[in-house]
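Below: a set of structures, written as structure tokens.
Shared chain: subunit A. Partners: subunit B in the first complex, subunit C in the second.
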Partner chain A sequence: MWKVITRDKKFCTGFCLALIVAMILPVFIKKPFVMHILILVCIWMLLGMGWNIIGGYAGQISNGHALFYGIGAYTCGIGMYLFKISPWIMMWAGMVISALTAIILGGPLLRLKGHYFAVATMAAAECGRIIFLNLDFVGGATGIDFLNKDLPAWYTMQFTEKEPYYYIFLCFVVIVFLLTKVMDGSKLGYYLRAIKSNEDSAQSVGINTTKYKMLAYIFSAVIVSLAGSLYANYIQYIDPYILMPLNISMMICLVAVMGGIGTVVGPVVGAFVMTVISEWTRSTFASINGFDLFIYGVLVIVIVTYMPGGIVSIFNKKKAGCEKV
Partner chain B sequence: MSVILDVRHATKRFGGLMANEDITFQVQQGEVLGVVGPNGAGKTTLFNSLSNFHKLTSGEIFFEGKRINHLQPYQVAHLGIARTFQIPQAMGEMTVYENVLVAAMGKDKDEKRTEENTRLTVAMCGLAGLTDKMAKSLNVMQKKRLEIARAIAIKPKLLLLDETMAGLTGVERVEAVNLVRRIHQMGVTILMIEHVMEVVMNVSDRVMVLDSGKVLAVGTPEEIGDNDDVIQAYLGGKKM
Partner chain C sequence: MIIQCIFEGLIIGSILAMIAMGIALIWGVMNVLSFAQGEFLMLGMYIAFYLNQKLDWDPILSIPVTMAVMFGLGVVIYKVLISRALKGPVLSQRLITFALGMVLANGMLMLVSSEFRTIKEVMFTGTVNLDYLVVSKEKLVPLISSMTITALLFWFINKTRYGKAIRATAMEKDAAELVGIDSEKAYMIAFGISCGVAGAAGCILSYYYYITPTVGSGFLLFGVIAVALGGFGSIFGAFAGGILMGLIDVFAGVYFNTALKYVVVCVVFMLIVSFKPKGLFGK
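After this line comes the complex of A and B, so read on.
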């Protein structure tokens, strides 16, 4: 596994440099607002990378990943609020529940193709939101406030400073990123790309398309669920409106698409650019109501129009060039 | 010679349309069986049934003595039946090399050997100069060759070729025929649908003629050439 990563020299240097920069960045940044943005970037990176597996590699465009985001967050929230169980444990429980949900949903939904899959997953996420809205023991529409000051911070994963969050999230980003890199060059990666390119010919060379699509859906759900768990512990208050509105599902998709779908680096770059643009416009144009969203929308349109392969396509000019021949 | 593929009373119905009706034939190990017939005779339907891309309405298919018509397409591929598609179904977003590599991966766990096999297969199909090209940028002939390359990369025992010569020029056709011959020499049994009579008569050991979903005649190319029913079906001559 380690060999796969170290084989790609360019990737290795790039990754190490980025990691070093990411590690020492908090030393120079003293503003909590900037730290807050960096933490959000980490969350969106996880979400983007999670979506990328089913949407980017397997080519099944899901518009309902907020469901798994919600499941992850709620598992941690409920665990802390009702049973005082550490999120370090509950996040794994969340991943298992998300995986099971993915299996149950994936069975019927992964038979659908193209737009139908997108619409069906969207509907599934909306169902999830409405269920959480109406379940009283998870707080319903008022949500759960699970801030706990009695237990030690390492146990509750609730810190007063922002740095611990940043480093914990960064760890998970690195793990998921490296796993994606390994998957990219593995049999699973090739099979998923084959399924995305042409399902019929994938079947004809002996690929069990149902099984591999399901695997991709499960992995994707698990990563998004992890991001949900981490985010819940960061904001310490969850309700269905924060976690599971439609635009979260869309944003997850957009992060990966902007960065470059089906690439290892794409969602990471996408998450960074998206979050920075979004937060920058929000703080710069705060005086004019709604203007930030307008600017944000225009920038997204410009990027998507001129870089259909995502932002990473600028760096992959050589590869893009031989496609045109 | 043993029977590799045994089709018994295969019937496929699409609503009111009888695409294949009571088709029974056998393919011998190591032979080239050509399948011909006018448009709409049910040749491609038969291929889709053999590779289980759709299920038979009734009838049975045995491959090496094992009943296969309840299996999924990928399981049939694992057993050793490879197919090409009439309309090339290349994995457009992947390179030529990756297209073949994906197919070869399922057969062999060893990475080095898989890569070696892939390179050999690509070269054998005359695509060596195009390995890094995206499959979607290939022309028709190259796409048809890629179809064959992908099919033989899974090391099949039986290869189903669906009109691999259609739309090729004379020179390209000669190359394609040579390729089919080479694959046959590797010990692969071949079942090929072909419209180009010259190719069928040249390459096949036996020829099967389909018409309106039924088997009209089976025999050596010479027998088929002299068969009155076949001439009737193709040319619409007077019924003898």
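After this line comes the complex of A and C, so read on.
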């Protein structure tokens, strides 16, 4: 497994450099707001990488990943609030529940193609949102606030400073990133790419498309759920609105596409750019109502129109062709 | 009671059907899943609102003007954005329409505040009391208007030359070009019409619904589900899907549980689509 990574020398050096920069960065940052942006960047990187597995590699564009994000966040929140169980344990419970949901949903839905799959996943996410909205024991519309000062900080993953959050999230980002790189070069990666290019041809060569699509869907659900759990612990508050409207699902998709769909580095770059843009516009233009999302939308239109292969395609001239989905 | 439910379901359903037909038109012709329809609906509502405020026009009477304005807007948006997006991958097209929707909604939010507004006085008020059914004119007039516009749309698509050109381009673009149909123009008109229909739906909706910049997204989701339910490429399917969704919405709300009625709608949708992957009337 390590051979896949170490064979690519350029990747190794680039990765190690980036990792060193990322680890010493907090030392130079004085403003908490910048730390906040970096933490959000980590979360969106996880979201983008998770979505990329089903959307970028397998080519099944899902517009409903906010459902898994919400499941991850709510399991951690409920665990903390009602049962005082540590999120380190609850995040695994969240991932299991998300995986089961992916299996239940994926069975019927993965048979659909293209736009139909997108719409069906949207419907599923909307179902989830309404169910959470109406379940009173998770707070319904008001959500739950599970700040807990009694138990030690490492147990509850609730710290007062931002740096511990950043390092924990960075660990997860690195793990998922390496896993994606391994998958990219492994047989699973090739099968998924075959499925994306032409599902019928892939089937005719003997690839079990149903099984691999399901695997990709489960993996992506698990990673997105992890991101949700981490985010919930950072914000220490969850409610149905910040988690699951259509916007979040589309933005997860956006992050991967803008960075470079189907590539290893794409979602990472895309998450960085998108989060910086959205947080910067939100803070600078907070006075004018709605201006920040306006600028965000305009920038998205510009970037997606002129760089359909994503930002990564500028650096990868040989891979610069349009990825026809 | 059941008849009352059917009536209410038809009203909501016919408006959803109009949005759905707009989406189906763009989907069928250009294979683009347009996420901006909800915002065109919202723009239509605002146009009706301002015409009502400044010139005291009843929203139903402002439908022709709204449709014309929205058609023009649709053509402009097509020329500037969509024609460029069509050259890229499918996912980018969807994201561009999503971003466009966001730009429109937030642009509107910047221009007008997010206060909820309603149309205060409409021309047709009062109720019509049939024996088994009490019909308020504020709901009857929207129903009749949306049915009229739907009929006009069907007539246009099926009977006129432009409609046939659009259908031909949707079926097989290269073949249509071989026969001399200007596919760019067909796309442009199709996009403009679907904007116009969404704008008209907005006018009609403003009769009894509140007006705010973010009103579009709720309708968009159900419009999209209605289209997928009805099947790809079929405008009649979108219409049927919309009506069906409106009926399910009302019946689930009355007989099941008001809060979870959307869950019922979504579950029904997922069940239907599992058994008929191309939708009810899809090709």
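The rule is short, and it goes like this: the second predicted complex is superposed on the first by the 319 of 325 C-alpha atoms of A that agree within 3 Å, B and C clash if a C-alpha of one lies under 4 Å from a C-alpha of the other, contacts with A are read in each partner's own complex, and residues count from 1 in each chain.
FYI, a contact is a pair of C-beta atoms (placed from the backbone, for glycine too) under 8 Å apart; a residue touches a chain by one contact, two chains touch by 3 or more.
Values in this document were obtained by computation on a predicted structure and should not be read as measured data.
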item	value
Between subunit B and subunit C, more extensive residue contact with subunit A	C
Touched partner set for A:Y190, first subunit B, second subunit C, both or neither	first
Which superposed partner A:G14 touches (first subunit B, second subunit C, both, neither)	neither
Which of subunit B and subunit C A:A202 touches, first, second, both or neither	first
Contacts of A:P32 with subunit B and subunit C, given as first, second, both or neither	neither
Subunit B and subunit C contact sites that coincide on subunit A, given as residue numbers	322-325
Complex contact set, residues of subunit C against subunit A	27, 31, 33, 35, 81, 84-85, 88-92, 94-96, 98-103, 105-107, 109-110, 113-114, 213, 217, 220-221, 224-225, 227-228, 232, 259-260, 262-263, 266-267, 269-270, 273-274, 277-279
For the subunit A and subunit C complex, residues of the former touching the latter	55, 61, 108-109, 111-116, 118-120, 122-124, 126-127, 130-131, 133-134, 245-247, 250, 253-254, 257, 261, 288-294, 296-298, 300-301, 304-305, 308, 322-325
List of subunit A residues in touch with subunit B within their complex	187, 190-191, 193-194, 196-198, 200-209, 262, 322-325
Of all residues in subunit B, those that touch subunit A in their complex	51, 53, 72-74, 77-78, 82-83, 85, 89-94, 98, 101-103, 105-107, 132-137, 150-151, 153-154
